[in-house]
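Naming follows writing order (A, B, C and D), and every chain is counted from residue 1.
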Amino acid sequence: MALNREQIAQRVASELRDGYYVNLGIGIPTLVANYIPEDIDVMLQSENGLLGMGPFPLDDEVEPDLINAGKQTVTAITGAAYFSSAESFAMIRGAHVDLTVLGAFEVDQNGSIASWMIPGKLVKGMGGAMDLVAGTDNIVVTMTHASKSGQSKLLESCTLPLTGVNCIHKVVTDLAYLEIHDGAFHLRERAPGVSIDEIREKTAGQLIVEGEVPEMRLG
Amino acid sequence: MALNREQIAQRVASELRDGYYVNLGIGIPTLVANYIPEDIDVMLQSENGLLGMGPFPLDDEVEPDLINAGKQTVTAITGAAYFSSAESFAMIRGAHVDLTVLGAFEVDQNGSIASWMIPGKLVKGMGGAMDLVAGTDNIVVTMTHASKSGQSKLLESCTLPLTGVNCIHKVVTDLAYLEIHDGAFHLRERAPGVSIDEIREKTAGQLIVEGEVPEMRLG
Amino acid sequence: MSGFNKVVASYDEALAGLADGMTVMVGGFGLCGIPEGLIQKVKEMGTKDLTCISNNAGIDGFALGMWLENRQIKTMISSYVGENALFEKLFISGEMEVILTPQGTLAEKIRAGGAGIPAFYTATGYGTEVAKGKDTREFDGRNYVLEPSLTSDYSLVKAWKGDTMGNLVYRMTARNFNPMMATAGRITVAEVEEIVEPGELDPNNIHTPGIFVQRLIKGSFEKRIEQRTVRSA
Amino acid sequence: MSGFNKVVASYDEALAGLADGMTVMVGGFGLCGIPEGLIQKVKEMGTKDLTCISNNAGIDGFALGMWLENRQIKTMISSYVGENALFEKLFISGEMEVILTPQGTLAEKIRAGGAGIPAFYTATGYGTEVAKGKDTREFDGRNYVLEPSLTSDYSLVKAWKGDTMGNLVYRMTARNFNPMMATAGRITVAEVEEIVEPGELDPNNIHTPGIFVQRLIKGSFEKRIEQRTVRSA
């Protein structure tokens, strides 16, 4: 069965390692914070100027001066630091963040990603996404494998305006975990109960299936 | 009579204005701090990371963590701020300093300056001087008009490696105050008792003398 | 210190000289750390044809949303404008020019402007629409885009505390774009929650030294929250 | 926090992996704010053929002067080296390569290295020997030099206090080049006067966030003064 949002986040969480500095994008990526394995510690970076983001505040802890990149009220953990946007993106652009997780509209077999604009329809801006994909090699993209109408989001070539070129190597969808290299999607894991045929059918870009493809282990 | 070091500093001090942020170089420029007119306030910037430099410390106030760009122990005034070298030169390069005073070996009639190297003889490095001359339009160079052997330091064209090109507009020597523009030195003031002929004789670059040239008023 | 007293008594004085067609930077991330009183005053002044540089464009009816309603902005330079329906309308209709800029590039362009760096290379945006018409260059096998810096006629920033000499400190994530914008303004106006005497701020922990600040005013702040998000105890 | 405890127990551990031929940045301005114990340890290790990036080169017999005596430096990148007779000798004789770099350009090259900026333009040094062989370009009628950024294999920095997670604060003018170098090291080792627990440093006033620091050691410091200058009471 296809994964739900929480399960996608759970699968991404298994990419975390003890001591990682991590930037989580808006949407499903934010949920990853709920599934950090108990035996490891990670520090969350919020690009508006916070290293060491904690959980949402209790009702009486809400602080307008303390928000995350999604403009939600948050808290800071012990050992956190605040800094300017320039310093924040020095961290990001300078490759000091160990892992970035972000959503996308489309990803293609060359690792290009489109996530910020649908011409004539949606004009919100790229925020920090272009900097994030340029800043680290270790990026996980989370998205549904196909749109509600069944159109694949894993393409031969992105059709929407790009966020970055040749920068994505890992994708977790509701159907699979795939790696991107040498101009193709490599199927590494299937969502529990999802067939290779279904994944093949919903992947428009070149898909390479080698050997036995195990089911994901969640949690 | 030719000015002594203190008198040169005194003349430079009359270029100060209330509210100026000022960077004073090593040597004679440092002495300018002793002649700040009583009715104005200036803030001294030290490029190693201090805005609001105070006088030298009393013997029991000496603090190894608090030095100026000449590596001398100093103090900080009320309202001072410490910052990194990058931030310090952001101030300087970004033209936030109102006045820079620095020494030189040579200045030429096009406003180029040589102050950091005598090939084969002296290799100390440029420190912050190249940044300082690039960072503001308002620079006063202090120097003796000629070397001890009588060689002019106000030249048609600098002979030593340059610190900056076409950047100097004001020079205070032991003999005169001159402005540089349109490819010439313009004599504006004479040191008390110094003749125009002596200045003319010791100026190798093109010297323009227009009208009556008043004597400097010191202090 | 006479020459270093940056405090002004009124918003009129704080924004004296602001004129149609100027470039104005406005600090803040969303509604966090914005100079509320200065924004309100510019709305009242009705200054027009502004080039406005701000990470976001406020929300409908509040913050920079008021300048949009008033049609005061000719060109908007931002990284994210998703919170504002009127913005999208003005953008799509072509009534307002919009230059969408990646957030980190925007922050760095402003820092560069304040630091006398006319342009720098960044990998951000290479191969995307952001790089269109810009010089690119390879360093060490990777491609980069040349980004020119940004400066402003007026930078309107918000700080937590400021001393009378213009030294500023920010609080938590309300810092964001404010420190860089403070360095990049020909005239930087800081609106603060509290004005203190020189010496009350720790010289070791000044976020913006007073050299960058021309005018200082005590504001009052609503501090509206865009996304109040809480957990249960 | 297991994964975030940066504290090491010995200088051996602090400098593990440092090898001949590497690039090492060393913080400090003159003898102010230098990582004394780390410099001493590198001298004892005898690591050779180093490219050393530091604003100054110590004094004869102390600080980086020891690396000079030991002939450990192949290339030195500095802005000012006037305090050191041996330095001049090694430079003029050609035993050591020296790349003199304007102080502000040096600071900015290091900041750029840490911030993922491969190169930037600056007016500093245009028309001088510093610009030789470098690209130049005109922006708005003024000429600028393209300066590539600098990074290091190891950055050795000195801070006042550090918490176990690597968050650092500096004191007075002992800050100088340390914060930028901390960002530009593949491995950044911080030598501090005092190690404190997380939470003891004000999160609003961290000068170097722990993300930039890989190892932290408590040092002891002589804090020699180069130019003791006093006034009379």
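Assorted remarks:
As a convention for this text, a contact is a pair of C-beta atoms (placed from the backbone, for glycine too) under 8 Å apart; a residue touches a chain by one contact, two chains touch by 3 or more.
Values in this document were obtained by computation on a predicted structure and should not be read as measured data.
Each chain's centre was taken as the mean of its CA atoms, and the one lying most distant from chain C is B.
The distance from the centre of chain A to the centre of chain D, with each centre set as the mean of the Cα atoms, comes to 36 Å.
One simple way to say how far apart two chains are is to compare their mean CA positions; for chain C and chain D this gives 32 Å. Separation between the centroids of chain A and chain B, computed from CA atoms only, is 55 Å. Annotation for chain D: residues touching 2 or more other chains are 108, 111, 115-117, 122-123, 170-172, 203-204.
Multi-chain contact residues of chain A (touching two or more other chains) are listed as 76, 82-83, 89, 92-93, 134-135. You'll find the chains touch as A-C, A-D, B-C, B-D, C-D. Residues of chain D that touch chain B in their complex: 29-33, 55, 78-83, 88, 91-92, 98, 100, 102-108, 110-111, 122-130, 160, 170-180, 207, 223-233. By the touch criterion stated above, chain B contacts chain D in their complex at residues 46-50, 55-59, 61-68, 70-74, 76, 82-86, 88-89, 92-93, 112, 117, 120, 123-131, 134-135, 161-166. Residues of chain C touching chain B in their complex: 1-4, 111, 113-117, 163, 165, 167, 183, 198-199, 203-204, 206, 209-212. If you check the complex, the residues on chain A that touch chain D are 17-21, 40-43, 45, 51-52, 76, 78-83, 87, 89-97, 134-135. Taken in their complex, chain C has these residues touching chain D: 108, 112, 115-123, 139-140, 142, 144, 148, 169-172, 202-205.
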